[in-house]
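Going by the order they are written in, the chains are A, B and C; count residues from 1 in each one.
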């Protein structure tokens, strides 16, 4: 909670959080904010320029680009968040298991982590998708699969650090159970590091998911998703560049916002280490 | 007979960091005479090595220096880097504290020594080699040709310290500054290194500034002592005079602590007999 | 030292076996029956139970798992990886060797751009730390980490090919075709390496040997180039070496953006077509590449560092 107090003082941090919240709200309440149905095709109205009815014009099927952009927040951003939540859950679980029990459990988990970290992540994603088939859920699974090991290792180190701290020894002395101690003391201690890392990695997940969708391996065509929209727009680059710029700029802005926020939070937490 | 080689007048050093401006050296003045060894005594953080680094101009831009340091009729403070660079390693040399960390690990001793010579002179390769072997011989290094071919990590701290002192001597400088040269090495080597400095002073007649926090080491080499505390000179003069009647409470404390340690040592020696 | 190298080679061989085993498990985990697939590949009109049984026996698919692994491994050593499921007239190895040169060409030209740009930039950023140049580069470095390669590629394509009409949009052919894809790939790596070299040099600058070099009166440029940069590159060497297999595997996305007929494009197409033997070979290839480059650069670093060289 101390972290939140400090972020409140940083104008940059607050601005970024505000921006991200606005984007999320737009996504959640998409039907309210969109002028048109994102799926409704109208071939007569294709490649329209800016107008009151279509603020960003229309695409090759006469669909409203702005509406598709706003609806696109849903899969793009929320899939990234789901990915990160899944990654953190699995990573934390493995890291805590490993750091708390030590012994052979630790050995086993850490060896798996080593293998995961040494293998090229991009190839792992493609291997998982190739194996499981082209599907959104598989994209998320693949992303969690290659990322959890980072979190497991980080959390294990933290657990080992905090294990030896006085108050954990103290609570062990007064006889509280192991898990109780962990939840009570460890989680608040780890959470600030976790939030920073997760914020930076949401940007990473967003890039990954949209890239896969762009390649046609993730979210499929009629669904408005920024990567998929770019893939469609690619063919009409000459005639209708707006169709490409809109999702492109949206991705850049959103990813930058998360990365900047992660950076701001890291500086707040640890002013000494400005550059990672 | 006493001719000053270095005259420092009112030297101030200020460092700028996160907490703002911080004065670390507060108006120091002293004179170093030819053939004399000046000891600078003080705890770590008292500003003694920063003073010397300021004089030869190797502090980075976060430090600002004012005052005078007259060498050879010229003020070194604020002198152009090009001029200072010519002096460093040739006319004014420095022996540093951590011999193990002072050489580039990727180059052999020979390369690094020759690199220094080449910077200041236009000697031929074999001439340089002869000169290096001579100086290493003078430093009592056995098999100097072997040592030259070695990489820094292959030599001991004491050996590297000798190499560093040799390199400080090889250009026949006017002033040698020794910045805690005995702190990072073991007691026996420490004694030997002190003997080297005495030899340099007596045989070669060099002017030496010897920085240390160890009153015992200082008493062995220095003719004249400067006691520094928190950036100021608190006592100055001959060492035995200072020990007899120190004017500053800090100096007195230094001496008392030392006496206590010697006492304890003598007692324990007696008891063990 | 020799003991170390031999040890390292043995470990690498073990790792390569592990990689082959993973690839073998991979092809056996696919949801379709390989016998059925083979029949479909042979364009057998009606696939009956008997036919499947026959093929299963003929291919030894009912052998124990480990025996099948050994057989598969033997075929791999003979560079026999089977035929493409989609186009049975083409062997997997043939498809692979057909597309590999293009990918290597692309990865190599990207690597050259990365080295030419990032070493001097990182160097000057460290030397002139906090100057205008350093700050601008740091902002650019930050910006590129927020840019997915495919977005950069598309923007470049639009600007340079359509607007300025300077370079061809896609495909391969001459020197002009390779410029945009390699710049796009290089983009993501350049920022990483600028940061790596800059921070490593700043670390080195704090070392005593740099102070002592100044004390010896050396020229500051000489100190920066011969001592600080050399030491930094020494410690970045493994990272730079490991970027080669990463570049080769990282061409996948960009190849698809620019329709570059390399391995990555083949692999994505194979994922769509469920052409598993090709995907398998690709994973095998990248896995072995990683192990080998890790080995080579680890040994090279050991040979280049006098501290480690004289150990053992």
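Basically, contacts are C-beta pairs under 8 Å (C-beta built on N, C-alpha and C of every residue); 3 or more make two chains touch, one makes a residue touch a chain.
A quick map from chain label to UniProt name: A, C = Nickel transport system permease protein; B = Nickel transport system ATP-binding protein.
Nothing here was measured: the structure is a model prediction, and the numbers come from that model.
Distance between Cα centroids is largest for the pairing of subunit A with B. Taking the mean of all protein Cα atoms as the centre, the chain whose own Cα mean lies nearest is C. Mean C-alpha position of subunit A lies 25 Å from that of subunit C. Distance between chain centres (mean CA atoms), subunit B to subunit C: 52 Å. Distance from the subunit A centre to the subunit B centre is 56 Å, each centre being the mean of its Cα atoms. In subunit A, no residue touches two or more other chains. Touching two or more other chains at once is no residue of subunit C. On subunit A, the positions that touch subunit C within their shared complex are 118-120, 122-123, 126-127, 129-131, 133-134, 203, 207, 210-211, 214-217, 227, 230, 234, 237-238, 241, 244, 248, 251-252, 255-256, 259-260, 263, 275. Across the complex, subunit B is touched by residues 207-209, 211-220, 222, 227, 230-231, 234, 305-307, 310 of subunit C. Within the complex formed with subunit C, the residues of subunit B that make contact are 56, 58, 81, 85-90, 93-94, 96, 98, 101-108, 115-116, 119-120, 151, 153-154, 164, 167. Residue ranges of subunit C in contact with subunit A, taken from their complex: 26, 29-31, 138, 142-143, 145-151, 154-155, 157-158, 162, 195, 199, 245-246, 249-250, 252-253, 256-257, 267-268, 270-272, 276, 279, 282-283, 286-287, 290, 294.
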